[in-house]
Structures are given as C-alpha cells and as structure tokens.
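Each of the next two complexes has chain A plus one more chain, namely chain B in the first and chain C in the second.
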Partner chain A sequence: MLEIKKVSKYYGTKRALDQVNLCLPQGEIIGLFGENGAGKTTLMKCILNYVRYSGEITLDGQPINRKNIARISFATCEHSFFPTLTPQAHKEFYQLHFPRFDARRFTGLMDFFALPLHKAVKHFSAGQKNQFEVILALSQGADYILMDEPFAGNDVFNREDFYKVLLGILEPHESVLLSTHLLEEVENFISRALLIRQGNIVGDISMLELDESGKSLLDFVKETYHYQADRVRKALRDLTGEE
Partner chain B sequence: MKQHLSVFMLAARSSIYKVVGLIVCMALVESAAFSLTLFRMQPDMPISLEELFVQSRIPLIFGISFLLLCVILSLTGCEYSGSRLRYTLQRLYVSEKCTVIWCAVYNMLCFFIFWALQALLAFLLCQLYLVRIDTTYINEQTVFLAFYQSSFLHSLLPLAETNRYVRNFVLVGGLGITAASYSFKMRHDLRGLSIWLLAALVLVSFVQPIGIATDVFSIFCTLLISGTSLVGIWKDGNNED
Partner chain C sequence: MKIEFSKYVPVGISHREEVQWIGTALLLAFFYSLKFFIAYGQGYNALFYRQNSQKIFFQDAYMPDFVVLLGHSLTGFAIIALTMLGLIAYHYAFHYQGSKSIYLMKRLPSRWELWRRCLSIPLTTMLLCLLLSILLLLIYYAFYMLITPAQCLPPAQWQTLWQVWMGGI
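Then we have the complex of A and B:
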C-alpha cells in the first residue's frame, strides 16, 4: 500500500501540491488526470523522493528511501534511460541494480515493439524511445509503476497496443499510476480515476462506480471541473459580434 | 561491488570512444606538425629540440586537446541528450554521490592516460629529432636537456623534480573531481565553474618555469577548488529540490 498523507509542495512561493491525501493499494491501474500544471508530475516526483516536500509518503508503512525505491519504477515523457547505451546494456545494468528485474518480460516487450537490442537508444525514433522507457519501467520488477505521459508523441495504434499489453502482462501485485490527458483512450483500461486541480485531489472514483452512475469519464471530469459547455459559444459571440 | 563497477562502466561506455579518438587525433596532428617543421629545417642550421617543439606548436595542440578532453568528460553524465539521467541515477543500488565518485575516478584515469601518452609521444618525437639531425649537433644529453629547458616538456616529465610530480598528480585528481562535479551540478540545474578554473590553472602552470613556489601555489589552488567541489556535491546531494 502506497500512502500519501498531507503532502504539500511549494516551488518558491508557488503551491504545486496542497495537503494531498491518497491511498494507492496494489493491483490497480489508476488514471491521474488534470490540466497542465495541476500537480500530476510533482505528485509523482514526491513519491519518488526526487523533490523535497512536507507531509508523509510511505510504502507498506515504511518511508520511501534507497532501501525500497526499487519497488517503484518511473516512465516519463522526459525519458530517464541512458542514451549512449543499447537496450542490451540497459538490461545488464538494470539486472545489477534492481534484483527483481524481469528479463523475460523485457525481452518479450522488446520483441513485441520490434525494438533493436544492439543499437544505442539515442538513435531510436521518438516513438521508440517512449516505448523503451515504458519497457524499462515495466521490467524493473516494481510493485508501483508510475507513468507520466509515457506516450506523448506516439500514434494511436501504438498506444492502443500498449494498453492491451499492459492489461495482459500485469501481475496482481502490480499497480500502475498513469498520468495522461487521453481520457477516452484509457477509460476502458483503468480501474480508478484521480482528478487533480491546482495541487488538490478534486475527484477520486472507481470505474465501477462511474459505470453504475451511467456517466463517462469525460462527463465526470467536466462535472468535477464545473466545465461550462457554452463558454466557447459565448467567446465566439464576443469575438465576432454575431448572435 | 558489481553494482559499483557497473556505474564506473556507465561513465566509460558513454565517453571512452571520444577520449580515444581525441588522443589519436592529437597524436596525429602533433606528429605531423613536428615532422613537417623538422623536415623543413635546414640541415646546416638546425634548431634546438626545445625550440622545435615551440615552432611545431605542440604546446598549443596539447592545450586545445586538453580543453576538449575537459569538455568531453564534463559533459559525460549531463542531460543534453534529451534524457533526465538523474531520475534513474537516484533510484540505483549505488547512491548518486557514489556515482559521482566513480565518475571522478574514471575522469582521473582519462586525464592520467592523456598526460602519460602526451609524455610518451613527446619522447618519441625527440627520438625522431635525434635520428634526423646530424650527429655533430647532438649528444647523449640532448633529450635530457630539452626536458629540463622547456617548461612544457618539463611539466610533462619533471625528471627529478618531485614537487612537480606531486603537482601533476594533484592536478589529475582535481580535474577528475571537478569534471564529475560539473555533470552532477548540471543534472541538478546548478552551475559548475570549478573545472574551467582548474583547466585555466593547468594551462598557465604548464608554461610556468621550474620553481617550487609556483608548484606549491598550483597544488594549493587545486586542493581548494576540488575540495569546494566535493563539499558542493555532498551539500547539494543532501539538499535536492
């Protein structure tokens, strides 16, 4: 269980997270949604201890440090691999540093995405780099896989393939926290949706509850954000002067 | 230990081919420049060995190559290539501070090899001079005297000057630490100037005449700069944001 208690984060005077409380059990695929600058990436960085914050984040009751950080992996659109190394070299390196590295899953995913094993990652296309970033995160042997816009720049077929593979390979103890703007694409794959706005969790709902209420994820987001459907019409009327 | 070695190899894999390429290029350019000057020299009016090194621009080629080496090693581990390396480095079995130390060790080895190969090359060029020059203009002491009279050659191979050996080893150590500190600071969105201060000190000190005072001053400055870098790594590593 990953527990986040009263976590706040300020960048200078700008508040990025405000007293966030969350509980992420194992075995779920959780979607994290919010506008740009809402605090999605900051929340992930706090979990990974990349930035200092106030509050408490624990993994099975223990603070996150170098002893248990291997239980959390991270795939980001900024990328975190070593560009000069080949995937094969990454595999060997990760096997040394992450004792639960899943070589079988790594090889299987490399084959599935048809990525070359012996070519430096810096020579990959943008889409291939994203795929490789995700493969590393999924193969690390982590219980919690944090993904921050992992497929920004990949085509729709590629993303579709990934979601299917993800559902197929995840073990019951593995959880995914997936930050994305692509609501409609992921709503059939996630089990829970978290909405973050201006550093606050403003929505937290299971997809089962959402189904029972008869709403789509997009409806839920619009409702939570108090989205004004007629604002575009109003803006156009003001701009053009036409009724 | 395997994990530590893998971090060392990570630094090596990222830059070793560039370092080797640089050393090979430097050796080729220096050899060509020296040979050209040597073969253009009038046989009846030979110039001294130390003067030949100056006229062939060997110290200048060495200086440029040295600065390029500083650039290569400092940029190893920086995040210029579109990947936030620190996201992975901070999750490894080996701490990021330890990673920086291993990078420093690798850098030291590179600087040491660069220095040793330059000294060897200078010695080989001296042998070429001895082969080419009429025996009436040279004696058994020619190479020995050249290495004493030229500040550049003496800095490369200080002969019996123990204090200059100490200075060189301290410089190699300091350069290794400050180059590793530069990439660490860049990864943490901080500025690293110490490598450039030390590189300037090396360039100035290599053309300084023999003297214990300048050597002691260089050692003091190097220890001060690299010590400050180490403290910075320790402090910034504990104060990440």
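Then we have the complex of A and C:
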C-alpha cells in the first residue's frame, strides 16, 4: 500500500500540492487526471523523493528510501533512459541495479514493439523512445509503476496496442499510476480515476461506481472541474460579435 | 587488478576519452614544471665565470632562493585541479542531456552510484595533482640542495619557501 498523508509542496510561494491524502493499494490501474500545472508530476516527484515536501509518504508503512525505492518505477515523457546507450546496455544496467528486473518481460515487450536491441536510444523516433521508457518501467520489477504522460507523441494505434498489452502482462501485485490527458482512451482500462486541481485531489472514484452512475469519465471530469459548457459559444460571440 | 573506469564516469560518457584528456593534461603540467630546470640553469650559470675552461665562482655568489627558481612551475597541476570542479559540474549536468537520466540515477537502490560516477575521476585527479605537486616539489628541492655548491647555498630554503607561500595566501 502506497500511502500519501497530508503532502504539501511549494515552489517558492507557489503551491503545487496542498495537503494531499491518498491511498494506492496494490493491483490497481489508477488514472491521474488534471489540467497542466495541476500537480500531477509534482505528486509523482514527491513519491519518488525527487523534491522535498512536507507530509508523509509511505510504502507498506515504511518511508520511501533506498531500501524500498526499487519497488517503484517511473516512466516520464521527459525520459529517464541514457540516450547514448542501446536497449541491450540498458538491460544490463537495470539487471545490475534492480534485482527483480524482469528480463523476460523486457525482451517480450521489445519484440512486441519491434524495437532494435542494439541501436542507441537517441536514434529512436519520438514514439519509440516513449515505448522504450515504458518498457523499462514495466520491466524493473516494481510493484508501483508511475507513468507521467508516457504516450505523448505516440500514434493512436501504438497507444491502443499498449493498453492491451499492459492489461495482459500486469501481475496482481503490480499497480500503475498513470497521468494522462487521454481520458477517453484510458477509460476502459483503468480501475480508478483521480482528479487533481490546483494541488488538491478534487475527485476520487472507482470506474465501477462511475459505471453504476451511468456517467462517462469525461462527464465526471467536467462535473468535478465545473466545466462551463457554454464558454466556447461565449468566446465566439465576444470575438465575432455574432449570436 | 584491472580497473573498470567505465564504472566511474556517468553512463554514456567515454571513460577512455576522459582518462586520455586528463593524462595529457597531467603530462603537459609535468613538462611545464620542467621550466624549473631552465631557471635553475640560469641561476647556476650566473654563479661563476670560466677561465681556461675552469669554473671560477664569484665571491659572495649565491643561488637565487629555491622558491624564486620554482616560480610557477607547479601551477599546471593547480589549474588541472581547479578544472576538475568544472568536470564535476559537467558530469552532473550530463544526466540532463538528451533525456533526464538523473531521474533514474536518483532512484537507484545504490545510494552512491550517482556520486561515484560524478566525483570519482575528478577527485582522484585532484588527489593525483596534489601528490604529483608534492613529489615534484621534493625532487626539485632535493636537486636544488644537492647540485648547488655549498658555498652558494642561501640559508633556510625550506622555511623561506613556506614563508613566501603562506605570505602569498
């Protein structure tokens, strides 16, 4: 269980997270949604101890430190691989540092996405780089896989394939926290949705509850965000002067 | 014992290239330090004149102080040591080039992996610069004391050296 208790983070005087409380159990795929600057990336950075924060984040009751950090992996759209290294060299590096590295999964996913093993990652296309970033995160042997907009730059077919593969390969103890703007795409693939706005968790709902209420994820997000449906009409009227 | 230098540089940096550059710089610093012998030769030749190919020492002729002859001969090593601060910064910044591999390095279970890769070669080079400077200082000092004729040797050279250096600080 990954527990986040009263976590706040300020960048100077700007509040990025405000007393966030969350519980992420094992075996869930959780979507993290919010507008740009809402605090999605900051929340992940706090979990990984990349930034200082106030509050408490624990993994099975223990603070996250070097002893248990291997249980969390991270795939980011900024990429955390070594660009001059080949996937094969990455595999060796990960095997050296992460004892639970899943070489079988790594090879399987590399084959699935048809990524070359012996070509420096810097020569990959943008989409291939994203795929490789995600493959590393999934193969690390982590229980919690944090993904921060990992599919930015991938075409829709790639993303669709990826969701299917992800659903197929995840073990019951593995959880994914997926930050993305692609609400409709992930709707059928996540089990829970978290909404973050201005550093606050403003929505937390299981997809089962959402199904029962007969709403779509997009409806839920719009409702929670108090989306003004007529803002486009108003803007056009102001801009064009036409009714 | 074979040292795997690749473990001591950031992943993706050519350790061979880095070691070669540092080796070349140390060699150049060493060659530069040899200018002590040029200064020494000039000071030594000024102690005497030749008559019928015989050395005749001037009366009250003294060698210039060791510290004067040493001059800035060892400066090369100090410059290399300072440059290593830049290399540390470069090693760290390298993890932001082309990607943010710093994210991976910071979440490795091995606490010292990032720092080992950023600091090892620069700190070793700094230490090497210090040791080479001390070694060459001692060698040049021994040379000065042994080769300079006793009657031309100014007194208290070691103390003078430190007085000048400490005064400079």
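In this text, the second predicted complex is superposed on the first by the 243 of 243 C-alpha atoms of A that agree within 3 Å, B and C clash if a C-alpha of one lies under 4 Å from a C-alpha of the other, contacts with A are read in each partner's own complex, and residues count from 1 in each chain.
Please note the rule applied: contacts are C-beta pairs under 8 Å (C-beta built on N, C-alpha and C of every residue); 3 or more make two chains touch, one makes a residue touch a chain.
Just so it is clear, the structure is predicted and the values come from calculations on it, not from any experiment.
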item	value
Overlay on chain A: chain C relative to chain B, clash or fit	clash
Chain B versus chain C as contact partner of A:70, first or second or both or neither	both
First, second, both or neither for A:152, with chain B first and chain C second	neither
A:169 touches, of chain B and chain C: first, second, both or neither?	neither
Contact breadth on chain A, by residue count: chain C or chain B	B
Chain B versus chain C as contact partner of A:51, first or second or both or neither	first
Chain B versus chain C as contact partner of A:83, first or second or both or neither	both
Contacts of A:182 with chain B and chain C, given as first, second, both or neither	neither
Which superposed partner A:117 touches (first chain B, second chain C, both, neither)	neither
Location of chain B clashes with chain C - one stretch out of 26-34, 44-52, 80-88 or 134-142	80-88
Shared contact residues on chain A - chain B and chain C	48-50, 66, 69-70, 72, 74, 76, 78-85, 93, 97-98, 122
Footprint of chain B on chain A - complex, ascending	48-52, 66, 69-70, 72-74, 76, 78-85, 89, 92-93, 96-98, 122, 129
Interfacial residue positions of chain A with respect to chain C in the complex	48-50, 66-67, 69-70, 72, 74, 76, 78-85, 93, 97-98, 122
Complex interface listing, chain C residues touching chain A	11-12, 97-104, 106-111, 113
Complex contact set, residues of chain B against chain A	2-3, 6, 10, 13-14, 81-88, 90-95, 240-241
